[in-house]
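Next come two complexes built around chain A: one with chain B, the other with chain C.
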Partner chain A sequence: MFRGEQAEMSGSEILSTLLGSEVRGDLLVLFHRNPGLIDTVDGVARRIGRTTVAVINEVRELLELGVLRQKRIGAFEVVSLDRAKDRELLESVANHLKAVRISGEK
Partner chain B sequence: MRVSDSSWTNPRDNFESVPKSLSPDQRFAAERAFSSVLVNTVREAVGDALGRNVLEILTSKGLLDASNNSKEFDSKLRSLFGNGAAVLERIVVKDLNRKLGIPYDSDARFDYEKSLETAKEVCFVESRLK
Partner chain C sequence: MTTPRAKAGASGFDQLFSSKAEGGHRVKTGIAELDEMLRGGFMPGDAVMVAGSAGSGKTTLGLQYLFNGVKLGEPGIYVTFEELPDQIYRDANNFGWDLRKMEEEGKFRVICTSPSLMLESGDGSLLEDIFREVQPQRLVIDSLSHLEMFVKKDDMRMEAYRMISYLKTRGISSILLWESPQISGGSFSVTDVGLSFLVDCIVALKPVEIESSMRKALVILKMRGSDHDKRLREFEITPAGIKIQSAFTNYEGIISGSPRKVASEKFMELFRGASEKRK
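After this line comes the complex of A and B, so read on.
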C-alpha cells in the first residue's frame, strides 16, 4: 500500500512535511511518545481519535518521508517508527532551525 | 478553539477575565501555577513532536520565554515554522486541555490566544476552589 521513498530534502522541506497537518502532528507525537509502537493504520487512527480515512494519507506522507516504515505481519500491514531515519530527519530540522533568526532572539 | 462547547465565558483581556474573588496572594499563586503548566506543556509538545534537539534550539532562541505571552509566542513560532506553527499550537492546546480537563474538538475553529484564556480561567477557578 505504501512505499518508503524519499528524495534529498532540505531541513525546511522536512519540517513543512512533518507539520503539514494536525493529524500528522498527532502522529508524530504518538510515535515519539511510544517509539516501540507497531500497529495497523486502523489501530493508529483509533489511538489518536481519528478515522482511518482521515489518517491514511497522512501516514502515507510520513512513510514517504521515511519517519515511519511499513511491514507485513501475518495478514496485517503494520506501521512503526523508523528510529534511525527519524533521528536523521530531526537532525536536519534542528540544523535548519539553528540558522533561522526570530525576533527578540538572544 | 473549543469555547463553543464549554460553559466558560471568554473575555478578551487575560487579566480582566480572572475571577475577582481571588486575594492578591491567590492570584499570584494561580498565575504562577498556570505559567508553570503552560511552559511544561509547550516543552513536552515541541519535544514530543520534533525531538529534544529541536526543543533545545528553540529554548536557546528564547521561544519558551514567550510561552506566557500568546501573541509573542505565536509570532515567534510563525517566524520559525510558518504554517506549521498552527499545528504545534494545536498540539500544545490539546495537551493543556487534557491536563486541565477541558474538552478539545479538532473540528472547531482554532484560536490559540482564546484557547489559552480559557485554560487560564479554568486554572484560576481551580485555585479558588482549593
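After this line comes the complex of A and C, so read on.
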C-alpha cells in the first residue's frame, strides 16, 4: 500500500513536510506521545478522531519521509513510529533551525 | 531471532538440567510481601493471570512487576489494548516510575495495539522486531479479556493457549491481566472460558466492603509446582505502588462478598464488652 522510501531532504524540506497539514500534525503528536503504537491506518484515524480517508495521504507522506514504517501482519498493513529515523529527522530539523537563527542574527 | 535465553547464554538444553529450573531461581515481583507469599517469586517462564475487577490494581501490579524487573536487570514489555502509552507513562510517573527513561535505555517498551492485530499475528510477527531490540524477560498483557471481543467463546481458549505458548517457548515470564467482575462464590471461577487451566499461577484482586469501608484483598488461588501463601491478604495502592499488609485473619466470607467476623472474634468482642461493663 505504501512505500517508506525517502529521498535526501534538507532540514527545511523535512520541516515543511512535517508541518504540511493539521492532520499530519495530529499524527505526529499521536506517535510522539505514544511511540509504542502499532495500528492500522483505520485504527490510527480513529485514535485522532478522523476518518481513514482524511488520514491516508498524510500517513503516506510520513511513510515516505521515514518517520513511520509499515509492516504486514496477516491480512493487515500496520504502521508504527520508526524511532531511529524519527530521531535522525528531528536532529536535521534542529540543525536547520539553529542555522536559520544564526544567519538571522548576522 | 535472539531470545532472552540466548542472551543469558543458556540453551534450552542447559536450562532443562540447571538447578535454576529446579526451583532455585524465582522471578521476583519486587513487592517484598508478595514475593514472600510466592515463596520467593513466580516460577521462571510461567504464565501468571492477575484477575480482578476494574480499579482493583491489576495495571499497577503489572507495571510494578516490570519496573522492578528492569531494576533487577530483566527487560520488559507492557502490551496494552486499552490505554494509550502516554496515559501509562503518566500513571507510572505518579508512582515515581520513569518508564520513558527505561525506554530510552532500551530496557523497556510500552506497546499499544489492537487485539485483532495480536490475534492476526499468531506467529508473533507483530512483536518480533521489538523482542529483538529489547530482549524481554518479562511481559504484561493488559488485558487478555480484550481478546474475547474478537474471537468466539469456543476459540478463546485456543488463542490464549497459542499466545501463552509463544511466550513460554521464548522463556518469557508473563503476567496476563484479566478483567473478572465475579471472583466470588464458592466455585472461585475466575474466567468463564476455561483459561484458569492454561495459566500456571492465578493471583486474584478483589475489592471488599468491611465495616462500611472499601478495602482491597489479594489471594493466590493457584501456583503450579510451588507452595504459596493461601491466606487472603489486604493490600493498598500507596504513592510508591502496591503494598501488601496483613491477612484478614478476623474475617471470613470475604471472597463470597459477605465478610463477617469469625466466631472466635465475635466471642472476644462480647467478652471485652462484658468486662468493660463490669468495670
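Operating definition for what follows: the second predicted complex is superposed on the first by the 101 of 106 C-alpha atoms of A that agree within 3 Å, B and C clash if a C-alpha of one lies under 4 Å from a C-alpha of the other, contacts with A are read in each partner's own complex, and residues count from 1 in each chain.
Just so it is clear, contacts are C-beta pairs under 8 Å (C-beta built on N, C-alpha and C of every residue); 3 or more make two chains touch, one makes a residue touch a chain.
The model shown is predicted, which means the values in this text are computed figures rather than measured ones.
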item	value
Three-chain arrangement built on chain A, chain B and chain C clash or fit	fit
Which of chain B and chain C A:R33 touches, first, second, both or neither	both
Chain B versus chain C as contact partner of A:G74, first or second or both or neither	second
Touched chain A residues, chain B compared with chain C	B
Touched partner set for A:R47, first chain B, second chain C, both or neither	second
Touching partner for A:A84 - first (chain B), second (chain C), both, neither	neither
Following superposition on chain A: angle at chain A, chain B versus chain C, Cα, nearest 10°	90
Contacts of A:I102 with chain B and chain C, given as first, second, both or neither	first
Touching partner for A:A94 - first (chain B), second (chain C), both, neither	first
Partner chain(s) touched by A:L18 [first = chain B, second = chain C, both, neither]	first
Three-chain overlay, closest Cα atoms of chain B and chain C, distance in Å	11
Interface residues of chain A shared between complexes with chain B and chain C	33
Touch list for chain B against partner chain A, complex	45, 48-51, 53-54, 57-58, 60-63, 66, 72, 75-76, 79-84, 86-88, 90-91, 106
Of all residues in chain A, those that touch chain B in their complex	15-16, 18-22, 24-26, 28-29, 32-33, 49-50, 86-87, 90-91, 93-94, 97-98, 100, 102-106
Chain C to chain A touching residues, read off their complex	84-86, 103, 109-114, 116-117, 120-122, 125-126, 129
Complex contacts: residues of chain A adjacent to chain C	33-40, 43, 47, 71, 73-76, 78
